[in-house]
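Following this line, the structures themselves.
Next come two complexes built around chain A: one with chain B, the other with chain C.
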Partner chain A sequence: MGRYVLKRLIQAALVVVSVTVVVFVVTRLIGDPVAVMLPLEATDENRAVLEAQLGLDRPILVQLGDYMADAVRFDFGDSLWQRRPAIDIVMERLPPTMVLVLSGFVLGLLLGAVIGVVAAIRPGRWMDRLFVLLGVLGISLPQFWIGLVLIVFFSVGLGWFPTSGSGSLRHLVLPAVVLALPILGRIALVTRSSMIDELNTPHVKDATARGLSRARIVVAHAFRGAGIATITVAGWELVGALAGGAVVVETVYAWPGIGFTAMQAIERHDIILLQGVVLVIAVIVVTINILVDVTYTLLDPRVKFD
Partner chain B sequence: MARAYSKFLALTAVLALVVSACGGDESTSTTQAPATTTTQAPVETTEAAPETTQAAETEAPTTTEAMAAPEPGARIVVGLGNEPGSLDPQAVDQFAMFTINENVFDKLVTRDPGGQLIPGVATDLGTPIDDTTWQYTVQEGITFHNGEPLNADAVVHSILRIIDPDYPTPLKDNLGTLVGAEKVDEYTVNILTSGPDPLIPTRLALLYLVPPEASQSADFGENPVGSGPYRFVSWELGVAVELEADPNYRGGAPAVSEARFTFIEEYGTRLAGVLNDEIDLMVDLLPEDGSRVDQSWTTPTGLKQFIVSLNARVGSPVEDVRIRQALNYAVDKEAIADGLFSGIAEVLDGQMLNPNWFGYNADLDPYPYDPDRARALLAEAGATDLEIQLISLVGNSLLDRETTEVVAAYWADVGVTADIFIPEFSEYIDRLIDRENRPDAIFVPHDNLLFDGDRTLSAYYHSQGCCGSMDPSEADDWIDAGRTELDQAARLQLYNDVGQAGHDQAWYVWLVSIPNVFAGTDRIDWSARADGLIHLADIAVSS
Partner chain C sequence: MSATGSTDHQLVRPPSHGWIKAVLQDPSALFGVVVLVMLVGVALFAPWIAPLDPTKQDLGARLLPPFYADGGSFEHILGTDQLGRDVFSRIIHGSRISLTIPLVSVTLAGVFGTAVGLLAGYRGGRTDTIIMRIVDTLFSFPGLLLALTILAVVGPGFWTLAIVLSLRIWMVFARITRGLVLSAREAEYVDAAELIGASPARIMLRHIAPNLTAPLSTLAVIEAAHVILSEAALSFLGLGIQSPQISWGLDVAIGRQYVFSAPWLILLPGAAIAISVLGINLLAGRLRIAADPQESAKRFAAAATVPGAQSG
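== the complex of A and B ==
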């Protein structure tokens, strides 16, 4: 187990370094930050001056080498947009994202699992169909659209929640719900189908024959087996919420997290800040992956490492 | 299931519309009022002026009585789209930074609401005492919010700081010939230029004055200290900047005593904030949403000039002036202004300059919409099957791509095929400023916060400018002469001649000028300024 985790940590470090290199090269090839920072008609001279001051006139390999050398010392460069260490900005914006992503994730996971289990008990009946419909809607409604619809409905219409911003529980409700919807949808559908499979396995039939209560069978026998699939999907959902959903939801609700920061960095071609955001997300994602793999063994002793 | 899905979508959409149409005016006003009065009271009492006795009386009793009393000073929320990277007024070229700092900082020269230059903290617009020196006198007795005096030393410091070659700022383009500054006495400064520069007052209207001590601090960009009507209070990064009125401000304390600038990039969310009375004033309203809000304002003239540059150089497919004129006659600019922009845009008068920019030629008119004449001119020039590339951009300015597509459609109508190419933004810039290979046609959204023809004409009407697509002509000499002409009447004449030459040569297809559009709740009494900035001190609030 210890060796396995060590191996995974080394792999994780390699992944983070590769992501850094790829993002570094790609961001420098697709756009010129100086073009965005200056007026359209800026003189060539002023363009060159700013480019040199930002160190963007050096060959890309030299820039990459310097970046890596600094990164080893935990210096990830200064944001071009805010002129202060990119990593500081990302770390300041991380807690709001964690609050939002974890709220949305827990909400989606719990509701999704409950819905999936309940739907699986009587497949094909109206409750199952309703829940499947709900799940498909959760997955397929675009988050920026449903986000705006909820604002119009619950904020402007009913006045229950503020339209945007952060700082209180009331601010959190709408963005967390929007973030939870696709998680709820996928978790519900996956849990439902693996529950249906589990409920038809010999050990569940055996438990039924032994006269155990239906509730005990569903929770203790079937869900334990179906849980593996749910956990796998949940890991992906957490990653998806962090790396994708948060960007959309935070932008719609002006939630000051790293998703919103990523959006701001992209709009301003702030390649240093974007690099910082991607790095931190990459670290979190590989960590989640390791945690998910370790969780398998706790849930199902049949899963062995190596 | 597909049917159920679309039914749900339709239902939600209808509900959303109904609710937005009839709902939610009162819902938040109750939560706002107490917050305003409680935060206000302490501010008022600490500044123990005779007028504040009224406020002090209302402060003590219960909240209901406090709410009934007239608001001593109001709090407003301004919804901005973009967050500035820094609030150091010399560090970044971002409109949101200017919008906030216009309230915090002073300048030697500033603009009135109509866009005309007026003295700021200087006593007048300045005097050129020789070819390379402009002299300014600063009003006495002004201090920065931290107590530092705003005197000659502060002005000299502010200028030397921004022109320092080691200080990275995209604002250097505004400074042109400015090379230094010298203190003459406590309140008199000489501003030094590399040559005669008639634009010095104009340039100084974009140069904020910073306190010599505080501006040396590393976190000045996060804790700015100015001398304007509002003091910086806090900046919650990613969220909002808070300002408060300076009760000792030389012009008297403004009516709005606290202001919050929030950063909401998503347009729909910002608009919902106004509809929900959470935001009192927002920027960049889309013209089609004008009827949904309590109030909307547009700047008196446009700030973005939409044009299509045509390559007039020898060897270009549109080198023949008749073709370029035809491309002008072919486009119905009125229809673009009224249709695409819901009437908020103005048709450009056959030139790139706006009526309130220095150098505007009042004798020029737009090329009228005349597709028959366009076809005749094309036939005359032997360009019946003309095919050209039209470069454009997307998401940079309001309806930029759409405008380009409309232009291409009008051209197609007279038999000219335009192949639209929309590259990534930095490649667009590379194409725009490529001196060797000029694009056949390139759509440009041009703005000029200097409000002076010099920048526009130097960039677009000069054969050596960044973005001009013409061979050298007399216009080059007139523009060069204007740059150092201190006699404003003579300079105006030079620019008028340039405008006329460009018009006759049809170097551009001049389309429309787009104003900034604001939306607000009905508690705001305000009007938009020509420069598109928001002076909080000009806002009156009814409770």
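== the complex of A and C ==
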């Protein structure tokens, strides 16, 4: 077990290093950071000053070395927009994102699992068909659109919730629901499918033959097996919500989190801040992946630690 | 699945009706087919279907509501935007991006990913380990955020967008192809072909490739839906398709400023995305079952053991 975790940690470090290199290559080599940061009317002199300031006049490998050394210490430089360390801004904006993503995730996971289990009890019946349709809707509706639709109906029309911003529980409801939708959809579909498989396994049929109640079989026997698939998918969905959904949902609701910050950084041509966001999210994503893998191996005795 | 395994499945397999019939009998899959046919048809014939020029501004007819709202008319059936452009015509023309971007991205990703997966699965050993390690690493990348960064730095546009989106999905094709090749290699007919000295290329094309077409085309359909959503989201965020090109996601972004006065500018183009993706996903769900003998056997078995369960 210890060796397994160590191995996963090394793999995780490898992921973070490669994300860092990719971000470096994209922002420094493919793109022209100076051109992105400066206004169109900038002179060559302005360019030279900024290049020297950012150290872009040095050999590329020296730049990469420095960049990696700084990234390890979470030192991405000063944000061009706010003129203070990018990591400070990222750390300030991280808690609102965590609140939003975790509320959406828990909502989607719980509802999705319940819907999936209930649908699987009688596959093919109207309730199952309805829930499958609900699941497919969850993964099909564009989040930015459903977010705006909810604003049109519930904020503008009925006035139940604020259109944007944060600060109260009422501000959290709409963005959390929008973030939960694809999670709910995917979890419901996967849970249903693996529950149907589990309900047809010999040990569940055996439990039926022994006269155990249907409810007990579904929860104690089948869901224990199906839960492993649910947890795997839940891990992916959490990562997707953090690295994708949050950007869209926070932009729609002006939720002052890390995704909204990424869009502000892009608008203000603040590459330093943008890469700070990307690298911090990469570290969190990798951590979640390890946690999911370890949970998975602990739950499923069939998985060997190698 | 081994060769003996598939004979087992033959025993419990439902009498084959052919997958076309199966799709037509399933209302949700039929909906998917209709949506897909409409999407392709509308995209191909957009200039002939659209009543007006989608880019023609008419400042005298700004923000007119659609026919169903107060003050709406059939002249601009779905209303007009802040520059007086016809919303219906813009939705018709917007279908072209929602068809071409997934076509390009999925083709690029599918060809590259399948090639990589074939290589990993067939060569095995160290090649396989290295390739799969890279694929696993890429799966752990913060996808959309990295795509945003690349688009912000390189600059948005049709081709950048198509390539960035294909970079996010090729690994899925690689992983699935590798898995399929590995299980096909176990099959006795592949062993036999190797034994009689067939060349690797021949084994790959004649014996392994036919096992890949059904699952990979289903995957392509699923990923196409995924790409449509990503394109719309990136265009909505201002980093995808740029005006004067027309994208549903971009039109929703423009309509956002009129959420109080002209909600149809958000509702209608977004509904076009939602219906397209819903249709494709419903169809993909049915295709997945049709393409996978284990799945259809499972359904048949479920229908046989659980009271009241039928295919569907």
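Basically, the second predicted complex is superposed on the first by the 268 of 306 C-alpha atoms of A that agree within 3 Å, B and C clash if a C-alpha of one lies under 4 Å from a C-alpha of the other, contacts with A are read in each partner's own complex, and residues count from 1 in each chain.
We take it that a contact is a pair of C-beta atoms (placed from the backbone, for glycine too) under 8 Å apart; a residue touches a chain by one contact, two chains touch by 3 or more.
Please read all numbers here as calculations on a predicted model, not as lab measurements.
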Inset, instruction - For A:L199, decide between first (touching chain B), second (touching chain C), both and neither. - result: second
Inset, instruction - Could you say whether A:V21 touches chain B, chain C, both of them, or neither, answering first, second, both or neither? - result: neither
Inset, instruction - Mind working out whether A:A262 is in touch with chain B, chain C, both or neither, as first, second, both or neither? - result: second
Legend entry - Partner chain in contact with A:A69 - chain B first, chain C second, else both or neither: neither
Inset, instruction - Based on the superposed arrangement, let me know which partner A:L291 touches: chain B (first), chain C (second), both, or neither? - result: neither
Inset, instruction - For A:D44, decide between first (touching chain B), second (touching chain C), both and neither. - result: first
Inset, instruction - Check the residue A:L6 against both partner chains and state whether it touches chain B (first), chain C (second), both, or neither. - result: neither
Inset, instruction - Would you sort A:V156 into first (chain B), second (chain C), both or neither based on which partner it touches? - result: both
Inset, instruction - In the overlay, answer first, second, both or neither for which of chain B and chain C A:V278 touches. - result: second
Inset, instruction - Would you tell me the residues on chain A in contact with chain B in one complex that are also in contact with chain C in the other? - result: 30-31, 36, 133, 136-137, 140, 144, 148-149, 151-152, 156, 163, 251, 263
Legend entry - Sites on chain C touched by chain A in the complex: 28, 136-137, 140-146, 148-150, 152-154, 225, 229, 232-233, 236-237, 239, 249, 252, 256, 259-260, 263, 266-267, 270-271, 273-274, 277-278, 281-282, 285, 298, 301-303, 305-306, 308-312
Inset, instruction - Over in the complex, which chain A residues touch chain C? Could you list them? - result: 11-12, 14-15, 18-19, 22-23, 26-27, 30-31, 33, 36, 122-125, 129, 132-133, 136-137, 139-146, 148-149, 151-152, 156, 163, 196-197, 199-200, 239-240, 242-244, 247-248, 251, 259, 262-263, 266, 271, 274-275, 277-278, 281-282, 285-286, 289
Inset, instruction - Can you check the complex and tell me which residues of chain B touch chain A? - result: 1, 4-5, 8, 12-13, 15-16, 19-20, 23-24, 27-28, 82-83, 85-86, 91-93, 165-166, 168, 170, 172-173, 221, 236-239, 262-266, 268-270, 272-273, 275-276, 278, 424-426, 429-430, 432-433, 444-447, 455, 459-460, 465-467
Inset, instruction - Flag every residue of chain A that touches chain B in the complex, lowest number first. - result: 30-32, 35-44, 46, 49-50, 53-54, 79-83, 89, 92-93, 96, 133, 136-137, 140, 144, 148-149, 151-153, 155-159, 162-167, 251-254, 256-257, 260-261, 263-264, 267-270
